[in-house]
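In what follows, a structure is listed as structure tokens, so that the remarks can point back to it.
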């Protein structure tokens, strides 16, 4: 029943976001656009721009929330978020390098961001695998911070030495945008994300146990080393592809898991799916605001997620503390 | 005498060693006949070709003061923006004169030329250039061309960054018989959504950057008819990079490009 | 004595880079219905021994068997169905309710996806009742007292339906009543349900009252092992703990009293 309410609310948010946009269309226009009976550019705007954009925002937001929830339990740190592990630095470096090298093919920047993120993941992983195959989550945290800082400074050097407003534009993209959304992008993202998301869900119980600490988790039957490796790889893979499609969208992966824990469920079997839909809805709302608040100007969606996420989170924490 | 920043220009005599911290003003220093006395320019000063022979002092924004002072300038010329105020204050302390010149719109060109002429010593030449430019500008404006083509000036593809009404490029398009679909924006450039672009239904896409946005063939851009139909117009050259006395050439090039296109 | 739950033989373990063995030549066997206490000073190898028995560490040489099979051959999941552990420290990242915490004891019995079954709910309820914490089921664990929290953790271990229970200094921070409650509960489980218990503790006197056998660890070896009255001897205790003690008798069970400096001096001159 609770789930039905949540899913209905999310569906309303998604439909509402499709109805909103810088092109002023009435609800009737939007409906005719959706069913394909509208005239002129309306069908194109509703079907080919708004709908895929809303769906991509939902998928990316959901993936980031789930990833944040998993990482918070994995590293046992409530401040963990998907970009903690050096990913944002690696992705930024990739994107800026692509532009500095004048790689202009349509997918050059996202692919370079993906390559940079994966490079950072491998480097951090290499640092954190101390002996044999044992992944030390404390070293993982430190490695993430260090690799991220290093990538950021290389990026700073490239920017200082490049001519171009182009490089600054790349950074604008990194601040988060669903401007690249298309049906093709939605399909690729969904096809790619379904496996890591499913794998994360099968790790829900080990995640519950890992949040207690590695040793208690082991004694309650979790294959801790295997679970940690799988969690790290899936979380990184999801974040890297999210960065490639939408840049860096902060706060969702940090705030949504906590909000869901405080209001919905703490066991990961319900926490993860709830975080997925709530995070998806939050980013859909943020993107709708980004598109419409100052139309035709567009805000970076990461700015909006922080603007919404932080006050909501403060309210929740206050309510919970009292 | 004060400059466009309201800052007094402290010069005892005609400056003999000039550093220009903006490519647009480097061009203008040459135009008013003071190019011989230019001892420093910014890294990316592309015009005129003679500017390449002048030593580079690095970046124009947040310049390296050591590089600048190493040229022992008696005058440093700035593009007028509040971001330069701290640098100018440092130069004041060092006893080096500075000159801030506003150069954002086509109407800024004549006053800028006159100011630079007065400061560098050849007012007569500068006034004559400025006067001629202003007359040309008035003539172009008076031609009252029917604005047939809706033009999207695209600076970047992801996120989509467009040139707004605040840019001189918007003026150039207007003078060439087009209409910038984002001429209501006060900014010179702004990030917008593809939907906003599609809703404004441009006839053509004008690409002005050296490295061109890769919008063709991208599914999300197919919603914009001009992209779907590949109606791109490309213009090249530094006359499209900043307002200058070469605006006439820019308008001519644009007019030629736009008149081959049908609305 | 039936099938042993835990059996170690000639176990030796040395931490990488260490100069000496943390545990050596160790033989330990624990049968169903038996409560074995492990005592010894700090650094004597108690925790290392437990970690070897629980398969967290692999012995450098020797064998460690749980339920008749080398511990390294059990998966963590299968091992968790055999042995429930109440570890020294545990700080939940995101505090849960008591019943959720105890449900974790069912995880070794659950697949990765399925919901808890009727059987699991019953096992949780049963464990809560046996540990006298059923009335706390809806409480958040971070609101529990120290004694309640330990009983909840024992309930969680019981929900695993284990054949053996391991308590690693589980009463370290408890007051007398709560500590006694934990010992009473453990003893009851051992006597009435045939569970084997391994209790590591600094509270030698208490464990002597409940244990069938006591192992005194000293510098990595079992200095003495057997029923309390054969093990808790003045000479052994003074030697191992490096402090003078007197040993008295309480209802047939030896109890030690650590001596004050002046008391031991007097005793020294007397002898």
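The first chain written gets the first letter, and so on, giving A, B and C; residue counts start at 1 in each chain.
As a convention for this text, contacts are C-beta pairs under 8 Å (C-beta built on N, C-alpha and C of every residue); 3 or more make two chains touch, one makes a residue touch a chain.
Note that the coordinates shown come from a computational prediction; the quantities given were computed from them, not determined experimentally.
Using the contact threshold fixed earlier, the set of chains in contact with both chain A and chain B is empty.
The most central chain, judged by the distance from its Cα centroid to the centroid of all protein Cα atoms shown, is A.
Relative to the C-alpha centre of chain B, the farthest chain centre belongs to C. Chain A and chain B have Cα centroids lying 39 Å from one another.
Measuring from the averaged C-alpha position of chain A to that of chain C gives a distance of 44 Å.
For the pair chain B and chain C, the distance between mean C-alpha positions equals 79 Å.
The set of chain B residues that touch two or more partner chains is empty. Within the complex, the chain B residues that touch chain A are 43-44, 155-156, 158-161, 182, 185, 190-201, 209, 211-212, 214-215, 217-220, 222-223, 225.
On the chain C side of its complex with chain A, the touching residues are 54, 56, 75-81, 83-85, 87, 89-96, 100, 104-105, 107-108, 110, 112-113, 115, 156, 160.
Partner chain C is touched in their complex by these residues of chain A: 72-73, 76, 78, 201-205, 208-209, 211-213, 215-216, 218-224, 261, 266-267, 269. Those residues of chain A whose C-beta lies close enough to touch chain B in the complex are 21-24, 41, 44-45, 48-50, 52-53, 102, 104-106, 108-109, 163-166, 169, 172-173, 177, 179-185, 291, 295-300.
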